[in-house]
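Look at the two complexes coming up: subunit A is in both, with subunit B in one and subunit C in the other.
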Partner chain A sequence: MRRALTLALLILASVPLLYAVSLLPPVGSEDNPTYTYVVPHYLEEGPEETGCENIVTAVILNYRGFDTGGEVTVIFTALMAVFGVLLIPRPAEKVRQPESAVPVSPVTLFIVRTLAPFIVVFSVYQIINGHSTPGGGFQGGTIIGALLIAASLVMGSERTQRLLPEGVRRWLQPAAVLMFAVVGVTGMLLFGEYLSYPIEGEYLFLRVPFLTLVEIGIGVGGAAIVASIFWAMEGSDG
Partner chain B sequence: MSNHPVVLAITVLFVCVGAFFFLVGTIGILRLPDFYSRTHAATKCDTVGAGSILVGLAVYTGLEFDSLKILAIAAFVLLTSPTAGHALARAAFRTGLVPWTRSPDKGGVG
Partner chain C sequence: MGGGQWPVVLIITPLIGAALTPILARRRPQIAGYWALFVFSIVTLAAGVLMYRVSTQGPFSYYMGGWRPPLGIELRFDEFSASIGVICLIGWLSLMFSLAYAKHALPERRIPYYFALVLLCLGGMNGFAVTGDIFNLFVFLEILSLSGYALVAITGERIAELAAFKYLVMGAISSLSILLAVGFMYALTGTLNMTDLAMRLRDVEPFPVAVAVGALTLGFSVKAALLPLHIWLPDAHSIAPSPVSAILSGLVVKIGVLGMLRMYQILYKAQIFDLSALNTTLMWLGAISIVLGALFAMVQEDIKMMLAYSTISNIGYIFMGLGLASKYGIIGASVHIFNHALIKATLFLGAGALIHQTGYRNLEDLRGVGKAMPITSAAIAIGAISIVGIPPTAGFLCKWYIALGAIEAGRLFFAVTLLFGALFIFVYYIRMLNAFYFMPPAHPEILDVGEAPVTMLIPIVVLAMLCLLMGIFGRIPLSFIEPAVTNMLAPIGG
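On to the complex of A and B.
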C-alpha cells in the first residue's frame, strides 16, 4: 500500500516536470536564446567589457559576480556548519585515536616533499593568472588545500598546522567573503554600485587588480576551508 | 600540429596503447577478486594508460611549448600515481587486510 502510494506520488510529481522539459528549447538547436543572444555577446564583448581574456573568469567574476559572491558565502557557511557538527566535544572514550599504527612510507614522504614546490607554484600561477588563462581562485585554492591535506598525511597534522596557526587560520577562512565585500564596497564608493568594475575612465587600471584581489581571496579562503574541514574531520582542530 | 603520416601513425599507436590499458584496467577493477589486485589494475590506467596517451598527444603537437607542458603532466602522473597506489596498498597491508588466495584455507576470503 505504502509502496503504491509512493509510486503514485512520484508519477504525479514527474508529470509536470516532464511537461516542463518538453517545453524547453531543443538541446543544441541553433536558435536557442542562449546561442542567439547571450553567448555571442559574452564571446564578442567579454574580453573588452571585463578585461578578462579568459571568458569563464569574465562570466564568473564579472557578469555574474553577485552569484559568485553568494557562492563563496555558501561555502563559508558550509564550513561553519561542518564545524558546528564536528567540533561538539565528544566523550573521551569515543574519540578516535590517531592512526599512528601505520608509519609513514618513505616513498610517499619523498614524493610529497619533492612535488610540494611544484604544486605551490602551479596553484599560485592559477590564482594570479585566473583572469587570462583557464583556472582561477577556486581551482588554485583547492590545489593548495589538497597539498595541505597531503602534507598532513605524511608529516602529521600538528606539524602542518604550525604552517597555518589557529589564529591566522580563523582569519583566512572567510577570506573570499571578506575580499568580495572589500572589492564590492570599493566599487560602490568609486563607481556607485556594489561590486561594479570600471569599464572606462581614469580608474580603468583598477580593473585587473580588482579581479586579481577577488581571485586571491577566493584562493586563500578556499585553501583554508578545504584544509580546515579535513582537520576538523580528523579531530585535530578545535 | 602536424599531418605528416609518420607523426599521425606514432600518435595513433601511443593513443591506442593508452586506450588498451584503460580498457584492461577498467575490466580489472570490475573483475579482480580483492583490494590489492584491483589497486594494481587501477594504477595501470593512470600510469601506462594516461602516460601513453599524453606522450601520443605530445608527439602530435610537435616541437612546441604546449608539448613540453603535456610531457610535464605525463612526468607528474608517472610520479604521483604509483605513489598513491603504493600508499593505498601499504596502508591496507599494515592494517591487516589479508590478500586473496585461491584456496580458502590459506587465509583468503574465498
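On to the complex of A and C.
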C-alpha cells in the first residue's frame, strides 16, 4: 500500500517536471540561450583573458572562481561534520587494532605497491596541468585520495597514516580553502577584487603560477579530506 | 568599484577562521572558542560597516574577480542583505554562550570541530544573504545546511544522531529541489545573475518557470519548516546544543524565508505570471502553521520542544505576511524575521542556561526555578511576553503590521487567525511562566542552583534587553525594510 502510494506520488510529481523539461530550449539548437548569451564570450575571450587554454578551468577558477572557493568549503565542511559526529574520546591507552580476519592477498599488495608511483605521477600531472588540459585539482586530488585508501586497505591504516602524521594532516585538510584565500586576498590587494588575476601589465607572469597554486591547493586538500574521511569512518582517527 | 572590500571580509573571514580552528586547537581544544569569538568579532565589524553603507548610500555591488555580471559572480548588498546584522549579532552572542556551554556539553575532542562548524554555518548565512547570483546562493546554502546537520548531532547522543539524520534527509531533498530550479532557470535564460535573470525571464516559456518557482518554494519551505514540511524541526531544534538551537531556530530557518524573498524579488521584477495562486497557498499554509504549531506547543512538556514548535508557529506568521503580498504584510513578515530571531535566541539560550544549571528540561521538573535563577528567568519572561506580542515589546510591531497587511489585502479572516494564534501562544507561555514562578518546586534542590556563568548570562541579558528595545525603537529595522519592500512591489504598483 505504502509502496503504491509512493509510486503514485512519484509519477504525479514527475509529469510536470518532464513536461517542463520538454519545453526547455533543446540541447544543441543554435538559439539555446545557454550557448548564445555568456558562453560566446567565454569561448572567444576566455584563453586570452584568463590564461587557461582549458575553458572549463577558465570558468571554474577564474570567471566563477568564487563558486569553486565555496565548493571546496563545502567539502571541508563535510570533513568537519564527519569529525564532529564520529570522533570519539581518545582511549587512555592505545588499543591495538584487530587484524582483519582475512589476510591481505600478496597479489593485491604487490599490485598496489607497484602501481603507486605511477598513480602519483599521473595525479600530479593532472593537478599541475589542469589549467591547460582536461582534469585539474579535483580529479588529481581524488586519485591520490583513492591511492591512500587503497594503501590503507592493504598495509593497514596505521602504517599509511605515518605518511601523513597528524600535525601535517591538520594543515593539509584545509589546504584548498586556505589556498583560495591566499590567492584571493593577493588578487584583492594587487588587482582590486577578491580572486582577481592579472589580465595585462607587469604582473601578468603571476597568472599561471597563481592558477597552478589554486589547483595544487584543491588537489592536496581533496586528497587529505578523502583519506581522512575514510580513516575517521573506519575509527582510526582522522 | 574601489574602496569597500568589506563584503569579502564578511564572507571569507569566518570560512578562513573555520579552516584554521582545528590547526590552532590541536593541542588545547579549549582555545577554539576564544579564536572563533575573535574571528567573528571581525566579521561583526564588517557587518556594521556594510549596514552603515547601505543605509547611507543605498544598495551596492561587488564583482568577484573583477568580472562584471553576467560573466562573473556579483555580490549584491541591498536592504534585505542587512539581515547580516541579526546574523552577526545572534551568531556572536551564541558563540560567547558556547564558551562555557561547550566545555560542559561536548566531548573535549569535538570542541574544535564544533566551533569550526558554527563559523562555517554563520559564514554560509552571510554569503547567502549577500550574494546576487543564484548558483552562488546554492553553494552557500549547502555550506550552512551541511554544518547545521552536523551541529545537531554533535553532542553524540543517540537520539541527536537520529534527529540529525532526519534533518539531513529532508534538507538534502530541499537542496536538490532548489538546485533543479536553478538549473531550469539557467537552461531558460543562460544567466545566473539575479538582476539579469529577472530581465531575461520576461520572454521565455512560462511553464518551466512555474515549475522552477514550485521547486524553489518547496525547497525553501522545507528549510523554513513550513507546515506540513516541518517534521524534521522539532527533534532537531530541541536535541541540538542550546546555542545551536538559537542559531538554527533564530537564523537558519529564516534563510528559507530570505530565499523566498529573493525569489519574489526576481518574480515581481520579471512579471511573467500572476502570483496569486502561490500567494494564497502560502497564506493558508502560514495560517495552518500558526494554529497547529501553537497547539502542538501547548501539549509539550519539554521546554526546548515547546520552543521548537513555537518556531513553526512563528514561521507561519512570516509566510502569511509574505502570502498577503500587500505592503504592510511583507513589511511585517520581514520585521518578524529580525524580531523572532532575537526573541527565539533569548528563549533558547535562556532554556540552555536552565538546563545547564539544573540538569532538567521538563516544565514539571523546572518548577520554582524562577527563585533560583532570577535573571535568566526574567529574561525568558521578557522573551515570552515579546513572542506573544504584548506592546511595547518586539513581537508587537510585526504582528501589528501583518494584521494591518491582512486588512489592507481585504483578508479579515487571516487577521482573526493571527489574533487566535497569539492567544494560543499566550496560553503556553503562561504555562511556562506559571511553572517557573508560582508552582512549588518538584525537586527542592533546584532552589540551591545558582545563576549560570557570566559568559552565558551576558548574551541572555543582552538579547532580552534588545527584545524590549526593539519594541520601542522598532523604526531601525523598518528603515531598512520599508524601502526594500517598496522597491520590490513597485513593478506591480504596490
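Everything that follows uses one rule, which is that the second predicted complex is superposed on the first by the 197 of 238 C-alpha atoms of A that agree within 3 Å, B and C clash if a C-alpha of one lies under 4 Å from a C-alpha of the other, contacts with A are read in each partner's own complex, and residues count from 1 in each chain.
The working rule: a contact is a pair of C-beta atoms (placed from the backbone, for glycine too) under 8 Å apart; a residue touches a chain by one contact, two chains touch by 3 or more.
This structure is a prediction, so every number in the text was calculated from the model and none was measured.
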item: Touch count on subunit A, higher of subunit B and subunit C; value: C
item: Subunit B versus subunit C as contact partner of A:212, first or second or both or neither; value: neither
item: Which of subunit B and subunit C A:70 touches, first, second, both or neither; value: second
item: Subunit B versus subunit C as contact partner of A:33, first or second or both or neither; value: second
item: Contacts of A:107 with subunit B and subunit C, given as first, second, both or neither; value: first
item: Subunit B versus subunit C as contact partner of A:194, first or second or both or neither; value: second
item: Partner chain(s) touched by A:115 [first = subunit B, second = subunit C, both, neither]; value: first
item: Contact residues common to both interfaces of subunit A (with subunit B and with subunit C); value: none
item: Subunit A residues touching subunit C - in the complex, by the definition given at the top; value: 16-17, 19-21, 23-25, 32-39, 41-42, 62-67, 70-71, 73-74, 76-78, 80-85, 87-90, 166-167, 170-171, 173-174, 177-178, 181, 184-185, 187-188, 191-197
item: Contact footprint of subunit A on subunit B as seen in their complex; value: 76, 79-80, 83, 86-87, 90-91, 94-95
item: Of subunit C, residues touching subunit A in the complex; value: 1-2, 5, 8, 12, 15-16, 18-20, 22-23, 26, 62-67, 70-73, 107-110, 113-114, 116-117, 120, 127, 133, 135-136, 139-140, 142-143, 146-147, 149-151, 153-154, 156, 161, 164, 180, 184, 186-191, 200, 205, 207-208, 210-212, 214
item: Complex contact set, residues of subunit A against subunit B; value: 101-103, 105, 107-108, 111, 114-115, 118
